[in-house]
């Protein structure tokens, strides 16, 4: 059964903070998801750095990127990036637009991003480029107009990531978890490709390996392992992981270490 | 209405710590601003690492870089970098001198710094070099004499950043917020240009894109989003962000997570 | 006298977290050790990011990688990497499979990993490659089938590390401490080799230097020093290092600093 | 008047932790200083990662690197690196041996380390290499024998740093503060030189600039600013910086911020 709207707002706010915590988003960029029960709407924060997004920041937008209940605070200027992809790709449930430091060099150089290790396979068979100059000449580079978002969505096509020249990347996923996994591991893959290029040769996955490895990565097991990992790391940073660690326990643990040779394992206290 | 002197001291001290927290300043370098009501003065800390600068460290200087009320502690040796720019550029309200790790390679190699993504557009149409050897031969490389600062200001001209060969960079802004935005995002841009260069090709913004994107970046929306981001990050590091986080609340939050499937969103408690 | 099973579970869980804390493991990868008293079994966590592995997660497996006491939670898909090496190498007591960011560029480029400084000598005389394509054609790149694990173990041969093309590395050790030392310092060595390559020339250790330096590194002294270092760093991150630091002590320490010119050293309180 | 032995032990222990905190030392390497009143002795920790060294770990050694009061715990194997330099250079009061990640690529590639910005000038007019192979053929690469330390000291000559091929660097200073400054800023300089090399051209300081800038850097002002910076950063990491930050104060500060438009500056409370 689909999640509730409140759960969706909690999840997409958390996805913003999680991807920011992994260094892929900074002051700019955004993560959205399609409304859990109304495919004609999507959920996006009001304008705020992803690292700071909370459930109460999340607003509802039509696929034309018009806010359903207008608010006072500013909205993101690049809403249409998301709205136009939700229109063009009915199966896509989540989108991330970012300027990851490891991906931008590809956007700047025109070097093709390829899957170079198994965890990068989710970037898909190919990663197209989009250059605002082609259709629109000189612009602010901000994808703010519906026709610009529609152009970008056409460039994305049936792929999972599109690299925006001199700007950043936009990533799509069938679920929010898949979107998070793909966003983070594509950034890791990009960093490795840059390093391997520096060593003189990049030997990528074959098309078949890419398809097989991507399917494997997106099975429940690997996605759950990575999700728990990123989730706990976020909780640690936000202070909600074992926040109630009593000072008294620490010395006992230290003394316990000294006795470990004699005692059984502490059975789950850690 | 202009801010008070105390507010200005608080802001410029904080700008020092904020830019240091983002890795652009280390033990050396400085951020100053023109006096809020007297254009013939500027505000600068006594000699101290930017990361440590507090409002009470901020002193007033004439544009000849003479301290208005002499103090015992040392002053920065390179005050004239700021004073001479405030003289030459009446519209400039803030200046940063730094040795950012991503910018120095350009100062060392002579490679031209270009805007390579939209967020780097605020570096402006062109970034000139200044080499102390040209006018002054072999020096300590420290810009300490008025004539050296005046020479640097001439090299800056009407641009927003000047790269100082074998030294670092000096950045100017029409406001403190613009100066912070430009300083940090130029450093990010530089890091990306180095990586893209390694991939074999750097395709920069056109002059028109640069102008359009820069104007967009410096609108209130983007500046506010980045400012909140850097500000919160500084508060977190300094322990003044949600400092009063009760240990009791954490377990309830964890239990609350388990109940999330049933409850509405917590409405702003986070 | 051999350690107990509980001690072994504590140690291998900690090894996972320690290597993760040093940046060599992320959401994926694993560290295992052979059962302390039954060479026909090895100890491995259920499927979980290494950074999160606790003693209670550690399970027993036969060398055919069949779990001795089946559990509900998922298991790692690549168990056979470890099981097949424990079969092929009776002297090996610990194995790590990882995707370290500094090692992957070698797996992607085919560049040979060499010892470039004394602390990298434990990578051994030579580091072979293994490419799943050679025997198995296009696969998910996940080493899940016994024959794939056996193939990898054959490629490892009598060496200490094997680089898996487009995937990562697998490291072996005669003891868990040796395995940890080799895993971390090989990753450090790899990062330095990449940088040196960028400077134009890599001058590695001779075969004799490699053997002599490796033997020296693995003596009790160096291993103990590194182990204490990584162990304390992990405790600090986990909050079990001097966790009971009384707030009262801090101001006294600060006042104590002012008096240091007159007082003797505090004799071990720090 | 010279410092006491206890003060010296506190200072050199702290120097170890400070340089480790800045990423220049890891599990290995060491910082020592000559005895404050007996030039025939020097102070060095027993074998321990620099990050962990405390005053009570500091021992006295003769310049032949024999411990004055034997202890049970292990000693560093490479004591002679320090002892032989203290013999050869009577004016040197402090020595650091390290394997900094930014310096090793020079030791591996043979690329000459040059001052590339003003803060790197303290590396001096030239940085010689030393290769254990030249005199000793294949060794463990560990400088453990007196004749090896003496050979290294000869290579250092009257310079301030010697790069040890396939090993690391050894740095000398006229004072402990100078040694710390030189050690850290040479590592920063090396990182920048690597990046500039990647951009295609390295334009170093002239010999005269190097001498002038080095003399300027080592004046009390710059050294004090950097020392305070590194010292505070260490205190923050060790929890002795404003450790007693009352939770109550934080909310007042936050409310105070809101009132700042009306109040004067808080006068030194921060």
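We call the chains A, B, C and D, going by the order they appear; numbering starts again at 1 in every chain.
Throughout what follows, a contact is a pair of C-beta atoms (placed from the backbone, for glycine too) under 8 Å apart; a residue touches a chain by one contact, two chains touch by 3 or more.
Fair warning: this is a prediction, and the values are worked out from it, not measured in the lab.
Novice: Going by the average position of its CA atoms, which chain sits the greatest distance from chain A?
Specialist: Centre of mass proxy via C-alpha means gives D as farthest from chain A.
Novice: Can you check whether chain B and chain D touch via the same residue numbers (shared by over half) or via different ones?
Specialist: The interface is built from different residue numbers on each side, given that under half of them are used by both copies.
Novice: Taking each chain's centre as the mean of its CA atoms, how far is chain A from chain D in angstrom?
Specialist: 41
Novice: Express in whole angstrom the distance between the two chain centres, defined as the mean CA positions of chain A and chain C.
Specialist: 29
Novice: Among the residues of chain C, which are close enough to touch at least two other chains?
Specialist: Correct list: 198.
Novice: Quick one: do these chains touch in a line, a ring, a star, all-to-all (complete), or other?
Specialist: Ring.
Novice: So, with touch as defined above, which chain pairs make the list?
Specialist: Once each pair is checked, the touching ones are A-B, A-C, B-D, C-D.
Novice: Of all residues in chain A, which touch chain B in the complex?
Specialist: Per the stated touch rule, the residues are 4, 6-7, 9-10, 26-28, 47-49, 51-52, 54-56, 74, 77, 99, 101-102, 104-111, 133, 138-142, 165-168, 194, 197-198, 239-240, 243-244.
Novice: Give every residue of chain B touching chain A within the complex, in rising order.
Specialist: Interface residues on chain B, with respect to chain A: 116-119, 121, 188, 191-193, 195-196, 198-206, 208-209, 212-213, 215-216, 221-222, 224-226, 228-230, 232-233, 245, 247-251, 253-254, 260-261, 263-268, 270.
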